[in-house]
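Next up: some structures, all given as structure tokens.
After this come two complexes, each holding subunit A, first together with subunit B and then together with subunit C.
After this line comes the complex of A and B, so read on.
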């Protein structure tokens, strides 16, 4: 019996992936450690991220119609495969809870200081739960609308801020030590780009699996361009103060003032975060729920949606004492913690699959 | 707070179980209750202010251990 009946088109995958990659990195700039060179670090991170994406899509094309959880069983055998799949499910679930926490932090520190954080987390989790219950097709279709809106907001704010920009803020280019630069670009590679490993749960539902490679490369490049626009906008407007603000995008857009009429547009950034973060959580949540259902050989993944969401919510409030702990974890620990899931295991899987010639045997058996 | 939490979890149970029982999805029902119990225990302990093991702290210790080996 099939768990997911929906099918998505290649173009929908592009939009979904852009939304996923922008996610919470729209407000927490990904390579903050590189200071005013963060746009360079994002581009370098894109290079690393493209290599990751090539590994994932090669795997996905090699096992058409099989999700990460299913082909882990084929590659590693039933026991080791299940252990590795469990690790991935944990990774998706925890990443989802981290993004939920970003929501809570952003809304409580900036917009609603008096409201308890749990309110925002529960509300966002409920929206994501309803999206996941409706299946991947629905998530992919909303992504088109939401991503186009985000495009408009990013370019619109950049144009409105043009008079406040000082491009000398970007000089001197490449001012930081190489070691720091590599660290920053690596953290940019793992924070938005490498997380696309979650798409190994989505790509199997593509109408044409062959499109996976081009779609994901286009999506990553577009997302990186948008992040570079955001980074350049923020650095050019804020200068060195960008490095001390927690949410530089919000601070920069706050300065928009066109004839004292068009002001206080910063709420657009909150809407961007809300829509893009929703896509990110929905994909991760979907991956975790569908993966668990496949691991335990259930007939439907729907009953797991709400309990897992409840667990994700309690995890997100448990994990950090404050906003600063969250950002510190994202910058110092996360780039190394994510490595085995984002590069190590997919690379080993691909090597083993090639050496054992696994999927070819399957095709021969079918014919 | 505890009453709110109970109400939320009771709501989830009432929302999901009738359909599952009608379709005789027993395996799904067991898994559903296992996950729900896990979530309920973690959130209840948090409300009581008990020290729940924090996965982020564990990850931090692991990563720092590995990094100190690399130097």
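After this line comes the complex of A and C, so read on.
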């Protein structure tokens, strides 16, 4: 009995992970609290995120072919393991609903103020549901095309904005107090780098599980570089007004004006969010659905897709009353709330696995 | 053979696509929009109120008059724009108030200028500009101007070369490069300066000249703000002095005396570059402004032979002196108003972040007494199609 028959290649994992990490952080610049030093904070956050990624991949390599939900049972035993697994399923679903909410807020703020937010959320959720039904292989292949397109948009807009950039906006380097810098870089580590904990549901389907470590590290570094390019582009263009912008990337790209012809290109940012956010939601959604099926020992995860999607959609509309509530949650609570899921539990799992010596190393062929 | 279930799904999907992608939720057709080309903000007599004037384009009247078509009647056709004024408590409220006058909803993405009336600007502009920064329709690339008369008067001037006054004013600003004597400030730049702790916002200054129906608008310099309140004006010379320092000079004419002293020589600015360099010498803060300029000999109104090496060198020297004086004039005015329009504070902040923490809050006391050295390196490159002037040998 196999819930997922697909297999993905290491390179596909790289693209999928880049897309996942860019996700909504393309529009909600991570570490915005660090003002014009946010690119430094992102790099510092990457450092922290790489440590997280090492923990995840070590776990994944130790339990080849087993997802987070499956090896939780092995590490903690069937009862405690299931409780922890439930926590993770909640985390994936909630994170997915947060990204859905970002979609809704973004589109209702910038283009369609009168359209009910639920319309966008449902439409995006339906696309993701279709992707999840098709399995991880399809999602991973989508990612190649979408991430390459995002690459082109990021660098293209940076070139079109070149004449409006003032790199002196980045000076003086390291202008904020250390305490705030650490707070900002930690928030960049938890959003988006640490969220790759969801890939513990994906890595088991790698063709060669050994590639997990290098692929993840390459993906995180490349995603961080792209985020740094975006952060530097936005700061150089917007200067101090970046600190009050709800969506800095959108605001910066709005200022593109090349000879009155190449202008009003801001919709590109919406397309970026649409494609990268899709990958992020799809992975989280997939993780939640597959995990639930494994938890309940179902024969197929397909019947779970729509109900869990509906849950995610309702959660996304219910959990915040306004985008300001969302921002406050993201800045003040999320960096701590996410910690147990992103580092705490994986680290404990790894330690217990090492101490208990699970899984038992079998010599020779399986018997 | 397609199974019945999947056939149904396909039909459902196709009909959903047809129904959902055919239009937007709140689509707005061109003939339901009132396209705003310019906005003016004034302070009316009544305290605590805002008066807003918008110039709406009438697309139907925009088309060029047909050749030989005199059938339109003797009225000369209608104006292709409509200027509407309304008064309310807040900016947004006033704009919506216009729905009582305009049957179409105002549409701001093509708003090219924001004119602040003098009274409104003196009172403080943060409260007026918030809407233009926050709402998703107006663009941050709109020009910000201060009208020495009321903003509504400026919008009611006559445009000769363009059909709509607001667009004419916007093009006027874009054409500033010919003289470099008017500042051009987008809403984004204005907001950036407004958010800076020390740098004072500036805006283009626009005035109305002429009488009756022949009123025209012209740019006359720069309006200077202290925090968000209008503090004073720079004239054309001082404005160019400001632009030299800000590295925003495009072109322009520098008039210098003939070396012989019997008339003027016009030198055309071809390119210019400048840098602000803060420095700490002997425990005191100095600023140097380095300006590199290149010019061409444009015309001479005296009969001297300017091709001799000494005359050429004198011209270069005079050219540098004029630039120097322009910058000093701007500096003098800025000191009088105690407004850091040059961004000296930010330059110090970027170079000496530690020192800056101590003087940041005292910058207002620092700025008027700051020592500024203006170093001009002006070159004269070419003499044009003739060398000596036209006169008998």
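In this text, the second predicted complex is superposed on the first by the 360 of 367 C-alpha atoms of A that agree within 3 Å, B and C clash if a C-alpha of one lies under 4 Å from a C-alpha of the other, contacts with A are read in each partner's own complex, and residues count from 1 in each chain.
Everything that follows uses one rule, which is that a residue touches a chain if its C-beta (ideal position, glycine included) is under 8 Å from a C-beta of that chain, and two chains touch if they have at least 3 such contacts.
Because the structure is a prediction, the values reported are computed rather than measured.
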Check your understanding: In the superposed arrangement, does A:208 touch subunit B (first), subunit C (second), both or neither?
Key -> neither
Exercise for review: Figure out whether A:320 sits in contact with subunit B (first) or subunit C (second), or with both, or with neither.
Suggested key: first
Review point. Counting only touches as set out at the top, which of subunit B and subunit C does A:356 meet: first, second, both, neither?
Key: neither
**Study point:** Touched partner set for A:163, first subunit B, second subunit C, both or neither
**Key:** neither
Check your understanding: With the two structures laid over each other on chain A, which partner does A:329 touch: subunit B (first), subunit C (second), both, or neither?
Key -> first
Review point. Of the two partner chains, subunit B (first) and subunit C (second), which one does A:308 touch, if any: first, second, both, or neither?
Key: first
Point to revise | On subunit A, the residue positions that both subunit B and subunit C contact, one per complex | key: none
Check your understanding: In the complex formed with subunit B, which residues of subunit A make contact?
Key -> 94, 292, 296, 298-300, 302-304, 306-308, 310-311, 313-315, 317-320, 325, 329, 333, 336-337
Exercise for review: Note which residues of subunit B are touching subunit A in the complex, please.
Suggested key: 8-9, 12, 15-16, 20, 25, 27-29, 31-32, 35-36, 38-40, 42-43, 46, 52, 54-56, 59-60, 62-64, 66-67
Practice item. Name, in rising order, each residue of subunit A that touches subunit C in their complex. Key: 109-115, 119, 123, 168, 171-172, 175, 238-241, 243-244, 251, 254-255, 257, 264
Review point. Can you list the residues on subunit C that touch subunit A in the complex?
Key: 20, 24-26, 109, 133, 136, 139-141, 188, 191-192, 195-196, 349-351, 353, 356
